[in-house]
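Read the structure below first, then the notes.
Chain IDs A, B, C and D follow the sequence of writing; residue 1 opens each chain.
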Amino acid sequence: MRVAFLGLGAIGRPMALRIARAGHQLTVWNRTAKRADDFARAGDIAVAPTPMDAVRDADVIVTCLSTSADVEEVLNDGVFEAITHGTTLIDCTSGDPATSRRIAARLAAWNVAFIDAPVSGGVKGAEEGTLTVMCGGEADALERVRPVIEAFGKKIVHCGPVGAGDAVKAMNQALLALTIWGTGEALVALAKLGVAPQVALEVINSSSGRSNASMNLFPERVLTRAFPRTFRLALLDKDVRIAAQIARDEKVPSPLVQLAADLCTLSHVDLGEEADHVEMVKVIERWGQAEVQ
Amino acid sequence: MRVAFLGLGAIGRPMALRIARAGHQLTVWNRTAKRADDFARAGDIAVAPTPMDAVRDADVIVTCLSTSADVEEVLNDGVFEAITHGTTLIDCTSGDPATSRRIAARLAAWNVAFIDAPVSGGVKGAEEGTLTVMCGGEADALERVRPVIEAFGKKIVHCGPVGAGDAVKAMNQALLALTIWGTGEALVALAKLGVAPQVALEVINSSSGRSNASMNLFPERVLTRAFPRTFRLALLDKDVRIAAQIARDEKVPSPLVQLAADLCTLSHVDLGEEADHVEMVKVIERWGQAEVQ
Amino acid sequence: MRVAFLGLGAIGRPMALRIARAGHQLTVWNRTAKRADDFARAGDIAVAPTPMDAVRDADVIVTCLSTSADVEEVLNDGVFEAITHGTTLIDCTSGDPATSRRIAARLAAWNVAFIDAPVSGGVKGAEEGTLTVMCGGEADALERVRPVIEAFGKKIVHCGPVGAGDAVKAMNQALLALTIWGTGEALVALAKLGVAPQVALEVINSSSGRSNASMNLFPERVLTRAFPRTFRLALLDKDVRIAAQIARDEKVPSPLVQLAADLCTLSHVDLGEEADHVEMVKVIERWGQAEVQ
Amino acid sequence: MRVAFLGLGAIGRPMALRIARAGHQLTVWNRTAKRADDFARAGDIAVAPTPMDAVRDADVIVTCLSTSADVEEVLNDGVFEAITHGTTLIDCTSGDPATSRRIAARLAAWNVAFIDAPVSGGVKGAEEGTLTVMCGGEADALERVRPVIEAFGKKIVHCGPVGAGDAVKAMNQALLALTIWGTGEALVALAKLGVAPQVALEVINSSSGRSNASMNLFPERVLTRAFPRTFRLALLDKDVRIAAQIARDEKVPSPLVQLAADLCTLSHVDLGEEADHVEMVKVIERWGQAEVQ
């Protein structure tokens, strides 16, 4: 298929590369043109000077930007009108359901299907084509573009209507934030009381309070004081704020998710744009005046 | 060894039975005498009419009551004075560190060692001798009584000074409460938005937000609407309140653990004494006006 | 001036009546036509069959509906286009800034000014013309329509750009909710400890923790168990949710305002549509199992 | 009466001076002896070298220390035994009910009455004898020592049993913390949206969300950026933690009071020991990246 790919960020690049290598005819666009030019040298890949040029003649359009607002902005300025009727837009942005619904409604007027399809699995998963892809939208549309998604995704889950993919991704991130913070609170208090974090984790990880955070993130990243920068806190903050917004829009009292959102935002302000998401633990450590190590 | 066992509740009974079967000379006491008499018929087990009679001549005393306050109350009325100098008391109650420290200090005046040793693993783990036992106290004392603990425990972890076992247990429970509530908030909001809980869990359980709650409790107990009564919410409430107290005593700001404690308490009031801990999800469902199924 | 008034609710009616009595030429519209007809009998007041008919030829349009979404909906269906260029719309709805800004932008395209102007002071204030009116929008536009606002408002405050009136109103309501809940928590805990609420309030109201809630609402409405239905909790819930949304949109971590929003929502679900806002105290009483009386 | 006064801190000194000037025969003790010697020069005041010497022969003992734990510590080491049977101890410390009850029980064994009597009104109120005094304990005992309390207190309120005075004081402080933080959140968000704080306060202070914080503290101390150091945040933190403890002990779910306690503790860590309580607003400003001025 002819695929247009808009947004060659850290995750977008390896995804686009896998699409090209799967035999699809790829045209890319990126806001910073040099990044697109560098990327295109990787193979038989066309570079479009504008989004409008990229989408013209494409059977499938893939967007992978920072926020749904960025997607909406790129689609304005004539792109909506330039997309070929009957095609499908796959939005791999970690977006928000409300904006995705608005974009989908505008595309529907041009008979273009919209699939929100945020991914999880990181850069490594993108390179290896093992991403989990959470999809929202019509089942038929998803089936038509499944070959493109399969180029980079291994577990492809149809979550529900437009926005459902965004929503599942956001809620997963909220649970990630909750378990990092909660485990951090527990381990800082235990450290002050005289329990070594590795001993506490040995118990918790064979008991009912265990989570991905306690089983993987704390042993590998916190106790080692490595805090590798794999996923920016700034992005987790954005994701958890989307989760909090969804709970509000759906009128579900959600005191923990709401509090998690504010804890992410204040940690983001405290630790800056480059901090990794797991570094939030440092805020708890400063407040509690003890280290988890 | 001569072992006195005080408190034959749901967990205490199979623990005491395993101690007897391991060849120790067992004397039991229970507030409701009939329960002790029934239990003693299981084998060569003595029943003591009072705690004082039970502890006299024992090498090791095991207590397994509802709260540390219950332990302190039983030990008053002459029991402190009746315990043989040089022996050890193992308290398997899910207790609180402050009371455990106070009991330990009083016992120390009689040259009796104290080990707080709450367990996890449920009735099944007690019957099979596969409990995890979280121990606080002197390493020497723990070594001396390890043969008794090994009768019912498989994973025996020395967590730190007196109270450390209580503290680790309480914090594990707080994380259990946090993950049940957080996952509940997420799934109720997603259900209202149109995402089926099993689909959401399929994604979350292969992503970073997964926990014991999302991987086991929700699929087996909530989505099935089975809500089996395996561990009372009333007890989880007590445990999480201990966790919240520890964080306050250690002066660790812990907004999530504190909020979890209040969510457990209000759910406990709403659902009553017999409700299982996982039934807390029903409170979120009522507030959010959607079911997780 | 020729004034069109859309929305004859409990507050809208006395406001509209005061506008008519101040000598303005009034045309009213209400979704339920009978209410408009009944109202018109009060004097020389015209009834319009549709919003479009109401706004045609008006110099000033006043809207007073439940939510900003209601205002937007009424303005669709040709009303935007029917409004005379150069006129001003005063929206007395307790609205949300984001929707107000969107409405203002659409009106600006027709050269119509927009003032968000939510009020406080209740039905009594509307009848007596003593409302506080919080205005957002251009100062010039506000000056032009001040004579209409003065018909029902005594304290008219220009708060800032479009949405600023909505925002100040919403934040006031969030502080109202916070002080009702916080004072409720304090008095329920004190009651259980043995302090009579009137004694606690005697101290608090001469000390630093006092608020409108502690000085007026609790003595007059809670301790008397009167709970008069003056302002529905459903409306407070809506307002505090707007406040929480504003804090999120402005990226201000606001754990108390967010929590207040969820406490209002869950109380609203628990107590139903007709409950008064002060009845939230009953939820705290049930959770805490003590009464404030 | 012969009055022993233990603890000549910022508030204690002017209180003791007023007792002496009211004609009572005063003996003082202070941990730092020089402070007691300096104070005694003010008049016909005796200085005792130890607490035991101070209380011997006193009809009434007044303690005014930092915490209930400090009171308990001073009373140990023979002081309990040195107090004359039939006398009364008035504890003006901002204490906690649990420790006060424990002290009272020990004093009761010596037939000494205990009144917890924390004060509000600051140094100025102490100097002018206009303090509010919140009393817990037996009504008879309070009547007997009322002449001493009247030397420094104007509004003397009998709140309930032992601990009731502590509890009312603590809850007032929790409401103070809640209104400072809540108003801070509201004003920071409004400032970012474009509403000047003095305009927002003008509206709020004539509406339902007003409190002592919004009417007095913000206009006088925050908007002026004066932040005078009148009452240390470290002390407010201690007080609100007592309030949170009371709510937990009374099993009253109290999410706002609990959150307020953690917000005070983290602000205390962030701003240091010397910060004034109103400076907490600076934490909200840093998180929200806008100033209230």
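Assume a contact is a pair of C-beta atoms (placed from the backbone, for glycine too) under 8 Å apart; a residue touches a chain by one contact, two chains touch by 3 or more.
Note that the structure is predicted; figures quoted are calculated from it, not measured.
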Item checked: Pair joined by the larger number of C-beta contacts - C-D, A-D -> C-D
Item checked: Chain at maximum distance from chain C, centres defined as averaged CA atoms -> B
Margin query: Centroid from C-alpha atoms only, then distance chain B to chain C, rounded to Å. What do you get?
Written below: 50
Check: What whole-Å value do you get for the distance between chain C and chain D if each is reduced to the mean of its CA atoms?
Finding: 39
Item checked: Rounded Å distance, chain A centre to chain D centre (Cα mean) -> 50
Next item on the list: At least two other chains touched by the same residue of chain C: list those residues.
Entry: 251, 253-255, 259, 263, 265-266, 269, 287, 289
Notebook entry, point to check: Which residues of chain B touch chain A in their complex?
Noted result: 97, 120, 132, 134, 155, 157-161, 163-164, 167-169, 171-176, 178-179, 181-183, 185-190, 192-196, 199-200, 202-204, 206-214, 243, 246-247, 250-257, 259-260, 263, 284, 287-290
Checklist line | chain C to chain B touching residues, read off their complex | finding: 255, 265-266, 269-270, 286-287, 289
Checklist line | Parts of chain B lying in touch with chain D, wherever the complex brings them together | finding: 241, 244-245, 248, 251, 253-255, 258-259, 261-263, 265-266, 269
